[in-house]
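The following block contains the structure, expressed as structure tokens.
Naming follows writing order (A, B and C), and every chain is counted from residue 1.
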Amino acid sequence: MNQLAIPHDHLETLELKNTLKKQKILRWLKGMLFLAPSIILFSIFLFYPLARSIYLSFFLTNNTGVPTVFVGFENYINIFTSPIFRNSLQSTFLFVLYTVPGAIIISLFLAIIANEKLKGIGFFRTMFSSTMGISVAAASVFWMFLFHPTMGWLNQILSYVGVDAIGWLTDPKWALLSVSISTIWMNIGFTFLILLGGLQSIDRYLYESADIDGAGYFYQLRRITLPMLSPTLFFVITVALINAFQTFGQIDMLTRGGPQNQTNLLVYSIYREAFMNYQYGPASAQAIVLFIIILIITLIQFKLGERKVHYQ
Amino acid sequence: MKPVELINISKSYDQEQHVLKEINLTIEKGEFFVLVGPSGSGKSTLLRMIAGLEAITDGKLKFNGKLVNHLPPKDRDLSMVFQNYALYPHLNVEQNILFGLRAKKIAEDEQKRRLMQTTEMLGLSDFLKRKPKELSGGQRQRVALARSIVSESPLCLMDEPLSNLDAKLRAQMRMEIKRIQKKLDLTMIYVTHDQVEAMTMGDRIMVLNDGVIQQVGEPIELNNAPTNLFVASFIGSPKMNIGSAYIENHQIVIEDTLRISADITTVTGWLKERKFTVGIRAEHIKQTTEEHATHQLEVVNVEQLGNETLITFEIGNVLWTAKWLGQWLVSVGDYVPVSISMENIHFYDTNTGDLLKAAEQEKEREGIAL
Amino acid sequence: MTMSLRRKVILYCLLVVSALFLFAPTIIAFSMSFMTNQDIMTGKIIPTSISFENYFHVFQRFPLLKYMFNSFVVSIAIMLGQLALASLAAYAFVFIEFKGRDVLFFLFIATMMVPFEALIIPNFQTIRDLGWIDSYQGLSIPFFAMAFGTFLLRQNFKQIPKELKEASEIAGMGDLKFYLTVVLPVARTSLVTLGVYGFLTSWNMYLWPLLATTDNEYRTVQIGLRQLQSQEQLNEWGVIMAGAIIVVIPTLILLFVGQKKLQQGLAEGALK
């Protein structure tokens, strides 16, 4: 029977191959259909503008943003020789240096004390995460008042202790620090929430076993909590770094980049260059600088995090 | 027309890793067919290929004479029960059971009729409005079963459906599944790693190892004439006692220690000058009186199972276990008289593991390990 | 494990002091929003009499209701858009096997490296050329596609046993139906988490609404607050605070209700 069936079988095999190929194509189409909305929007609002930004950064434009003169790397050379932009970069890095460790250390402390099983702990957790629900604009308004030269609480407290009033937002020496303080406050909510989540995912048997071994509180903190929390900390640091480089709202609300450009952070500088001075070319060059900084941070995160973070 | 035919079916990943090699198999209508093998043997993959959940690399799969390699699962007219039951957690029992019927847009009153019938058969009528997480393991199992039955597909596939249940429930469900299968005249392909399940449920069994068929046959056949050492040690509980052997002075010498007189005329021809391995089932190391004993063996371990006793002896470098019905008060260190008969011994080629000669006498039907 | 009394006392002290410090700016603002100008000028902590005048003023002088409505529309649109797009994409990445899937997934991950702030210039031009300045679609559509959400949902969908998908394949259920009737209901907890997160971030969005609106008709509350602050900076702090409190109330409520879920959900997306 086998021998008789060969020609028929051969046809069957051919047909089979065709159907399987068709099914494969259909599956591909189906997959793409599910992804299409995301891919289309990413293309319009992410990939295209990224390419366009790079393109614009090599041109001078008229004030509606139409490229007019090709200038090569001149925009880049100009911004890096401009004291204003260099100052802006310096302020940005200082700002990052103030806010990232500040927010993380405070949040870590809060997360640790809020991770205990106590009555009413839910209330404290809610309090600690509350700043996540407060918008940049509202938070800036709150702090604007606290920083107010005469009525503000900070200066009132200082005058109680007999210290001279500080021009929190108006003194070039203080402005960046003041903005940083308010930013730390704004970022605590989110950072706290993530760190608390990380702490709660640590297996409590580790602590029970350490208790039996007679390890003290701080020993456990150092030897169990922090090492087990390191992937979470790592993630939080990366997010905080990226967020810090993208800061805009509080600058716009509190200082408008002043005094003496001391708080002219990168994104604010891009905004000012593009939408106030209509210098789209140089602004694009600055935007590319921002993109590269973020790219480097994320790449470092991927590289370092490879061992801990699995994207599978 | 056979309901299921596998012709030279192979499976490999990336053209390298061969999971299944040239499987040929025909399954009869109304048959309870069991695929058994250790984990990683490819038995689940084979079942999933039959279901259409896994692509067939090579070969032909035919249902009722028609090629179905390319058909998606829904067009193969079969039902399947999964190891983890695959119950939809957000649907209640009734919705879970009717899931497939609704997907296929079967008429409402027909749905109702089948639901009534099935839930009554499985004793689920009182749980229809419960969610899966409010059910016990056994009840979930029944829901999965009901979902399969309600489809009224002639072919039913089961992938280790009982492995998440405790031992008692498992024994009960074994009977129930078998009963339903016979009652509805289903063609069943059942995957398990548990040889007891295979032996008790299967009309026919296929033993699979490393993607290669070891033996296909009825349970008795597998027990009485395992075609190779793998099947011999895989089927039966406790597993078959195995030892290397040679012939010397008209005697078979096992593990250099145990000597058994052989009727040389029946064995010399094909055993001479060959390294071979012998196997004997635990129930064939028989308890006997001093005068009928062929050997006196030292006991190294005793397991009292209540209705039977497992006694372990050391034979050279290997441990052999005897299974005696009833309760025997022996203790470690005792020498006990046993009788081992030539006619209960299976002979295997040491190098290939293939059966040279099955035991002559496997008449004792109580000897089938259950 | 029982805790010693001494340790309990220390912990409660730390918790209370930290909570006071952290919540002080909000409390002060809240308290000021009920004060008369007189009280504020004299540096009172607790209002001498509770007055709703500031709230009355802020609604009277500013189209705050209009702003809030706009913010709601935009935030809900973004939330729904993100949920739809992210869950569709995540579904494809988990349940449909097709060629190039891994490359596309990598591309999605890569989009997380591009900060939106670096793209504002061309995006502004795009919206302008589309005539979407001062429109709800201009405020919301650019944020629909979201790598983080896709990633979070993908992690979650992967926990759905693949046998559920296989069982529905055998039952003859197509992908779209399986996505709608099984995947979405089963994964509703993480959809809620992502929704809360999406709403929070959209409501609090600042830079894009600043660029994409010129007209009060479409302005969101955050930009409204900016306007309020720059116009009333000098003395009417009570009114400004009343405005700020109104702006934060919806998000604070959402956060208080969804805090636990958000915390679990975000940690999951971040670390798995």
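Criterion: a residue touches a chain if its C-beta (ideal position, glycine included) is under 8 Å from a C-beta of that chain, and two chains touch if they have at least 3 such contacts.
Model, not experiment: these values are computed from the prediction.
Distance from the centre of chain A peaks at B, each centre being the average of the chain's Cα atoms.
Looking at contact counts per chain pair, the maximum sits at A-C.
If you average the Cα atoms of chain B and of chain C, the two centres end up 57 Å apart. With each centre defined as the average position of its C-alpha atoms, the distance from chain A to chain C rounds to 15 Å. For chain B, the set of residues touching two or more other chains reads 72.
The residues of chain A never reach two or more other chains; the list is empty. Note for the complex: chain C touches chain B at residues 161, 163-164, 166-173, 177, 182, 185-186. Within the complex, the chain B residues that touch chain C are 51-53, 72-76, 78-80, 82-86, 88-90, 99-100, 103-104, 147, 151. Across the complex, chain A is touched by residues 55, 60, 67, 69-70, 72 of chain B. Considering their complex, residues 9, 12, 16, 19-20, 23 of chain A touch chain B. On chain C, the positions that touch chain A within their shared complex are 1, 3, 7-8, 11-12, 14-15, 18-19, 22-23, 25-26, 28-29, 32, 40-41, 43, 84-86, 88-89, 91-92, 96-101, 104, 108-109, 111-126, 141-142, 144-145, 150, 175, 179, 200, 203-204, 206-207, 210-211, 221-223, 225-226, 229, 233, 237, 240-241, 243-245, 247-248, 251-252, 254-256, 259, 262-264, 266-268, 270-272.
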